[in-house]
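Presented sequentially are two complexes of chain A, the first with chain B as partner and the second with chain C.
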Partner chain A sequence: MKMIIDGRGIYGIPGETILEAAKRAGISIPTLCHHPAFPGQGRCRLCLVEVNRKGVKRVVASCTYPLLEEGEEGEEMEVKTSTPEIEEIRKDIVMLLYKQAPASKLMQDLFRQYRCAENSLRENSGEKCILCNLCARACEEMGTGAISLVMRGTEKRLATPFDEASPDCIGCGACAAICPTGAIEMKDDKESQKRHIWHQHFDLVPCARCGELFATKKQLDFIARREGKSYETSYYCEACRKKHTAKTIADFRRRRE
Partner chain B sequence: MGEDRIREMSIEKIIKKYPADRRYLLAMMQDIQKEFNFLPKESLGLMAGYVNLPQAKVYSMATFYKAFSLVPKGRYCIKVCDGTACHIKGSNILIDQIYQLLNIMPGETTWDGEFSLETVNCLGACAIAPVMLVNGKVYAKVTSGKLAEIITWYREANHE
Partner chain C sequence: MEKSLVIKPEKCTGCRTCELICSFKHTQETNPMRSRISVFCFEKVGFSTPIVCQQCSKPACMEICPVNAISKSEETGAMIVDDIKCIKCKMCTVACPFGATIYDPVLDVVAKCDLCYGDPQCVKYCPSKAITYQAADEAHILRRKSFAEKFRGFYEEVNK
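Presenting the complex of A and B:
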């Protein structure tokens, strides 16, 4: 459908969101709980934009607002990614998320960037998690689903069931890798070749080529099981796998020449 | 057969009344809560396995709803309404008085497992505020005097 984002005419593909259409056009909208690998969650509300359809203005979360098939004859949707009102709302959101996770470097930076004013709202001191749920999404997508948002209201947090070692966790670290605020603690100990995450220790496996500890045993087992293969004896880390593939192709070509 | 296995079997019996689909989880939880007065730890795993969901999802749901408890509740579950109307009519005084009488705060259970106390946000009976429930029985316009009588009545005899 035809639409205007920040004064620029754009063709939105039905099914995509305002955020995706804007991104395609090179217009950036700030987000915290969004990751291109997943559908929008509409959690952090930072991506709010003003939508004007048939003269009706609404403030919507651009990461979940879908572009539909062609609108009515001559209807054009107009989107503004920044208005004084939107900026004011974003400023409040940043302030509140900073209060939720004052120990997060990202939120501290945003708090300054948005020129938020200090106030007497109680800070969740020491906390880094902004409850964006990306870790749980990543975990679910991985096929494990070991962590989730638990409790509600002010007690809401990310956890494994009963805050215990979860048998579903494979120690892949996808949660820690995707976390925008570095709230998930993961420690790899080279000496003991163990990874500590979510209340348990996992055996780390070295790359058969370079020796780097690149994955957990349980993770490789999980992948092998999912692929319907048996556990291989030697695994290459990502960098070595690329090198290995490149070398195979090069050798193949050399032999042909 | 061990006690654990017997409990597990009765949980399974409840769960299997419903089709193996995630949308029946809430109904299963309600039935289990009703049967045991709380959701036993193993029940979450059994439900998760039955509807083929990670346990974390089920745990997330169980902790989201106030109606469910993951720790055993007392034989008599007192629910004091602390909605707006009841609050204005002095429900906080009732909560304080329960603390004096039974030494439990909202969310806690007496050491002998007889009483547990919860607050609820509205029971939808504001006209008879302040309202209190004991095992589902409604007590209307509760005063300090009435409260003491109710507690004594439950404490002294085996009422259901």
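Presenting the complex of A and C:
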């Protein structure tokens, strides 16, 4: 469908969201809970835009608002990604998310960038999580599903069941990698060869050749189980796996000669 | 017909030009550590060979990826990582039996051979033509298959 974003006429593909159409056209809209692998969560509301359809103005979350099929009365949609009203709402959202996660560097930066004013709202001191839920989505997609949002209202947070070590967690660190605020603590201890994450100490596997700690034992088991095969060579790190392949070819050639 | 990288170790001199050009093409830097192709030399037995992604028909990287960020290119048959969709879980780097998928911490991307979208630079620059990019004819496929079978037997034997 034809649409106008910030005064520019573009074609939106039916089914895609305003955010996707805007990105395609090179127009950026601020987001926090959006990741191309997990689009349309609609949690943080930072991506709000003003939509004008048939003269009716509405403020919608651009990451969830889908574009319509072509030809609905030749209707043209107009989108504004930044108006004084939108900026005001975004500023409030940033302020609130900062109060939720004042220890997060990202929220501190945004708080300054949006020129939010200090106020007397209680801060969740020490917290870094903005409850965007991306970690839980990553874990779910991994097929492990070890973490989720628990509790309600002001108590809401991300956790393993009963805040205990979850047997489902494989210590892959996908959750920590996707977290936009660095709220998930993951530490690899070379000394004890353990990875600490989510109340657990996972055995790290040293590469059988060079000793580099390259994955957790449970991660390797998980991959082996997925692929239904045994995994001797996976006890090498990437570099040594390559070397091992080269060495095997060398030996193979020599034997044939 | 789909083309693939054919490596002839007997021609490889171990000069590492492929590593440099690969790194330059993908990172604008000639740093062998960031190359998608790696050369291994075994001086004692006088053998050297580049190792690079095999673009497997049953790719472990693609199968393990939780968010389907890896797909097979329709044009070249190469496994391509969608950097934007990738969640950097690095499971593919662990899953690849050849260690051909690596994580580049500088660009924060998963790096693997993409066949340079049909114009592989290693092939272009290898001074001794140890890497070629060619479509396989029937006879060639059969020869490769029988080699692969024998090699697999050997590989499994030494990995017992």
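Odds and ends about this structure:
Quick note on the criterion: the second predicted complex is superposed on the first by the 224 of 257 C-alpha atoms of A that agree within 3 Å, B and C clash if a C-alpha of one lies under 4 Å from a C-alpha of the other, contacts with A are read in each partner's own complex, and residues count from 1 in each chain.
In the analysis below, contacts are C-beta pairs under 8 Å (C-beta built on N, C-alpha and C of every residue); 3 or more make two chains touch, one makes a residue touch a chain.
Note that this is a predicted model, so its numbers are computed, not measured.
Contact with neither chain B nor chain C is seen for A:Ala21 once the two complexes are overlaid on the shared chain.
In the superposition on chain A, contact is made by A:Glu227 with chain C only, not with chain B. Shared-chain residue A:Cys207: touches no atom of chain B or chain C.
When the two structures are aligned on the shared chain, A:Met151 is found in touch with chain B, with no touch to chain C.
Contacts of A:Cys116 after superposition: neither chain B nor chain C is touched.
Residue contacts after overlaying the shared chain place A:Thr245 against chain C, while chain B stays out of touching range. In the superposition on chain A, contact of A:Pro36 is made with chain C only, not with chain B. Within the superposed three-chain arrangement, the count of touched residues of chain A is higher for C, of the candidates chain B and chain C. Considering their complex, residues 35-38, 138, 141-143, 172-174, 177-178, 214-215, 219-220, 223, 226-227, 232-234, 236-255 of chain A touch chain C.
Across the interface of their complex, chain A is touched by residues 41, 44, 53-60, 63-64, 70 of chain B. The touching residues of chain A, counted against chain B in their complex, run 136, 139-140, 144-152, 160-162, 166, 168. Of all residues in chain C, only 9, 38, 40, 42, 45, 47, 49, 51, 60, 63-64, 66-67, 69, 82, 84-91, 93-102, 150-151, 154-155, 158-160 touch chain A in the complex they form.
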